[in-house]
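Each of the next two complexes has chain A plus one more chain, namely chain B in the first and chain C in the second.
Let's turn to the complex of A and B:
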């Protein structure tokens, strides 16, 4: 392990010590040793904004994660894909495995921040912030997180993203755990086999295969304070299976954005589950989202505005899916 | 191992530069304060405005977000590294910004030009939406976006007419 330190004095601002652990275990050891005075550092794009804005103090000890081997890249396994936590958002947004097996995540990666930020920012950092715009997309894919933590005797373990968010909500997040990767299950081959042919879009819709009458439909939407790159106000994601009759099953919906924690919208999912969606239901769905999603107010947008926006985004997105079906005949 | 600083090295605008600095020092500060490359502008300091944009190994990056250790050993191009066929000639992108009035106060212009360079290297003839996406990390406080859009389109034409982009830096 290498460590670089630059001594501070009373007349100069703190210059952090930078640690270079050679393994995740070593990084956890350092974090436990220095506690709140230390922070894991990946792309650091969000951390830098928090340091500069005074929301967080710059840590006395920076623990680099990029010196740990095996945390980058997307690998395919028999029934799942695994995304290394230090994989850049740009890389995620270019990866075909991600596009096929995690389409809303793929779309989110193409729409988070600006190209320069996506070159530096990592998917692990986006998740670890607990407020990243990737999270609603990952929620509708039932993503699991792979952690390493002293509490689990330094053995990697998987945790449902939704469960980890609940820990965060309750203030029970482990401060020392390192996020090693993200796991997405592969869908049924019939649902994904024709995904390569679809155009890149914020809206994705697989074709029916000959052997299956069901296919995956999904979309991801984001609204910010202005058109160009800006922190989001609202992000939503939708994923379901739809048959030729327009029946929706396995419906998953999530909303998040801004500094609020994302959540699955289970009552909205229940509203649509097993139903043939009728465009007349659009207003009902929007109202249900508005009622279910717990958001917040800040100087930029009221909670009521965020709720209404989330409802409109989800209802409009679903309507577009059906409209496309009508167009196809 | 414990040291008080690192011997940081990078190729900046074609020249190898080596300085002793803290590993957490921002690239923006290295460029402006240590190397006197003040064409890279300091503004929001949180990666939103793009005034500090540089190319690192050919990719646009916000130098205000980048720490020294994160870009050690890379090739960095700043606005000072762009030029035309000769070192004192303007790069076609710079020409286009001048001719099309792609700036007002000019403070955002170095970042805009660097982002345009990255965009045109990747997409020599970008569509309007691709230009907007390529420059969405750059803000013009004067809101002179009409001229900037024209400048990027003109720059693409200029570069195409010259058959290939002029190298950003001497090798």
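Let's turn to the complex of A and C:
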């Protein structure tokens, strides 16, 4: 483990100590030792703005996570893929495993901040912020998080993302836990993916496979205050399986954006589950999203605006899926 | 002529500073360092309005590494600055009026120590009521922010009887428009390097738009002779009006003199937001009437401008807004009143467009509403009501006659973008499908247009000096010197092209000196779209004596008659004539040889004059106007209310185009700035504090927000007797896009916009309405 301070012949209270642990265990040890005076640092793209804006105090002790080996990269396993928490957003946004098995996450990675930020920012940091644009996308993939903390005797353990968000919501987040990685289950082998690319009005999709009448449909939408490099006002994600008749099953919908915590929209999912979606339901679905999603107001967007936009985006996204279906005959 | 690389031929000249800027090699003044340099930081007020009860700097002064601390007690001269009205304290004595107000400043050996030392300064405040609303400031029982009260300036223009006429108009539109507190958002934040020289002088390396004015203001604060101060002020990483006023110069100068060491100041972005100028938010109420034939009759306007805590150029900005809220139209009855009000909201000041942006947004909005009310095409309606070339100016003052208005109106009417509008209006009747063939039903498109008549120069009654120097320097280069600044607008390239045009030489034969009060004559400021005209007029005056002198010297050296000599590449060329065509034979003497033969200042020529003004005694009234028409196509996504700018067309009548690439750059840059003004930019304040404290919440347009295409159509023709040459175009690209966009939004969605930036809440529609319109996937 290395430790250094900025050189200065004068003692000032201004210069943080930067720790470079060589393992996650060391990092947890340091965090427990310095408590609230210490913070884990991954890409530090968001933390830096929070320090500057006075939303957080710059910690006296910075614990670098990028010195810990084994936390980068995306690996394929039999039934799942695992994404190292220190994997940069840029890497995620060009990874084919991510595209195939976590398409909404893949799309999200391409729309977070700007290229320079995506080069440095990590998927783990995006999640750990609890308000990152990745979270709605991960929610519709039932993502699980792999943590390490003292409470579990430094043994890695998995936790559903949705459960962790609930902990955050309740203020019960483990203060010393390190996010090691993210786990996404692979789809059934005979499902094929059909994903709606945000940039295009056409689908990048496959036809129904010979062996299955079900396929995955999904989309991700982010609305910010400008086209790119903008905090999200509203972020939504949708994922389901659809058959030739247009029946939707395993429907998952999520909404988030801004400083609000993202959430799954279970009542909306229930509304669609097992149903052949009727476009006449568009307004109903939008209204249901508006009702179910709890958002907030700030100087840049009212809660009413955020709710209505989320409803519109999800309803219109589904409408587009059906429209494209019709176009394809 | 549509300006582009192809149409510009050899005049498509790469900027001299282009490569350095693109590669990042260029060193701005704020990149400079000096040996033994200290770092200066400013302690700014914690409260937008308070009395200072006590101020204790002893802990900071005693902190190791701190070399100097200054407060108001360290200001030897006038502890105030302000270009027009010096009412802003360099360092506050007993009252703070906005959260950027400076109370103390520190110079230390590292930036960290300087920052820490600020936290050691103890200030005790008595917090006072914060005035955030100009209307509150106007109330009798409001706290007085300045000894004379809360009104900085009032304007009034009246002729006829607007009140009575409005009652008798066939159609009247009444609306209230409001505009945002836009930030200049220059790439380089305010800063500089301040060096006390061994000879007792002070050198100030700090960006500004007017080095001589800074010199005067700094000297006034230091109680020095101006000549003891040298201001070096270019190159500048953007200004747009925001660096015309002093910013860090008082602190850097005072700290450098107190410490006896060079001091570097450089605002962080957050400090720049906190202390820097913004565009005046304005509330403009308009009531406009016309007869049953669509002829404008009466126009009643009330302008309230939030000028913030201090004056700077708030009064001239209001003058300009007042002059421009009548548009290029004919009126029988006018009743305009404006008031610029002090509040505790930051400081508003000079900003590209200078009050015209706000006024033109409102005026053109009225024109669109009136046209719709009477069922006329909006452009035909403007044609019907346009002023005539010989009409007096908006303030009834004499102005220089051109056909620019007519020309830009015709050009826009014939533009392919405007002609497409009709096709859209057939497809899109506000709430039906816009472009059903390719876009989903929630995407609506529309096209709008707007018109601008924009005054250049500072206006009648305001000292507006011009001038310049032309010389052959010791290196044998033709050297032009002006006190103008290069802040990205391409001034250097424009001057280079002017000199090449005049002397048929090459870029290597030319030296351009700007931005250094020790080396340039006083030729006024780079503001108000004036530099190009002034430089051109100055060179026209200097050309003859300069040529006469160097050709005479060439004759003395070569014995060739003067009438057979001319300037050219690398020196003087002998010419012959064949069928009235000049033929250059050979170079007979180099510029260097001529320079070597110079005696004293034999080849140094100066000129002084003033920017042309109207002969009529109308304070602020302009004489030279530039005309522009803008068309814009937008796409509104009604799922989110998001507006996207598509094709854009600017036609500008500003005389001959000297520097086509620079011309396009200015119009395009102005247009993008106007896009931000229209759609995303607003420095939001709550209780006198900025909510948008950095660029992560203050949204300037990014590359993906920009227009999908932009055409610049330059109308170069001027009347035969026009002595003023090319007009400045630094501002006109920014003044008329907003109303064009909001007119396009109206066509796309049926919604009138009165507040900028455009609120998405106004444009969002419930998903599924298109089902009722018969658009369904099944």
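Following the convention adopted for this analysis, the second predicted complex is superposed on the first by the 305 of 329 C-alpha atoms of A that agree within 3 Å, B and C clash if a C-alpha of one lies under 4 Å from a C-alpha of the other, contacts with A are read in each partner's own complex, and residues count from 1 in each chain.
Rule of thumb we're sticking to: a residue touches a chain if its C-beta (ideal position, glycine included) is under 8 Å from a C-beta of that chain, and two chains touch if they have at least 3 such contacts.
Model, not experiment: these values are computed from the prediction.
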Here chain A is shared; do chain B and chain C fit on it together or clash?
clash
Which holds for A:267: it touches chain B only (first), chain C only (second), both, or neither?
neither
For A:15, using the defined touch cut-off, is the partner it touches chain B, chain C, both, or neither? Pick first, second, both or neither.
both
Who does A:32 touch here: chain B (first), chain C (second), both, or neither?
neither
Scan A:116 for contacts with chain B and chain C and give back first, second, both or neither.
first
Under the stated touch criterion, which partner chain does A:53 make contact with: chain B (first), chain C (second), both, or neither?
both
Identify the partner contact of A:62: answer first if only chain B is touched, second if only chain C is, both if each is, neither if none is.
first
In the superposed model, which partner reaches more residues of chain A, chain B or chain C?
C
In the overlay, answer first, second, both or neither for which of chain B and chain C A:326 touches.
second
Set of chain A residues, in rising order, touched by both chain B and chain C
15, 49, 52-53, 114, 228-230
Complex interface listing, chain B residues touching chain A:
1-6, 22-24, 45-48, 50, 53, 56, 59-62, 64-67, 69-70, 115, 118, 132-134, 136-139
Quick check: in the complex, which residue numbers of chain C touch chain A?
64-65, 110, 112-113, 115-116, 270, 438-440, 442, 639-642, 644, 680, 684, 686, 691, 693-694, 696-697, 699, 701-705, 760-761, 764-769, 771, 776-778
Touching residues of chain A toward chain B in the complex: what are they?
1-7, 15-16, 18, 44-45, 48-49, 52-53, 58, 62, 64, 66, 113-117, 119-120, 228-230
Please name which positions on chain A make contact with chain C in the complex.
8, 10, 12-15, 49, 52-53, 114, 201, 223, 225-231, 234, 278-280, 282-286, 299-302, 304-305, 308-309, 311-313, 315-316, 319-320, 322-323, 325-326
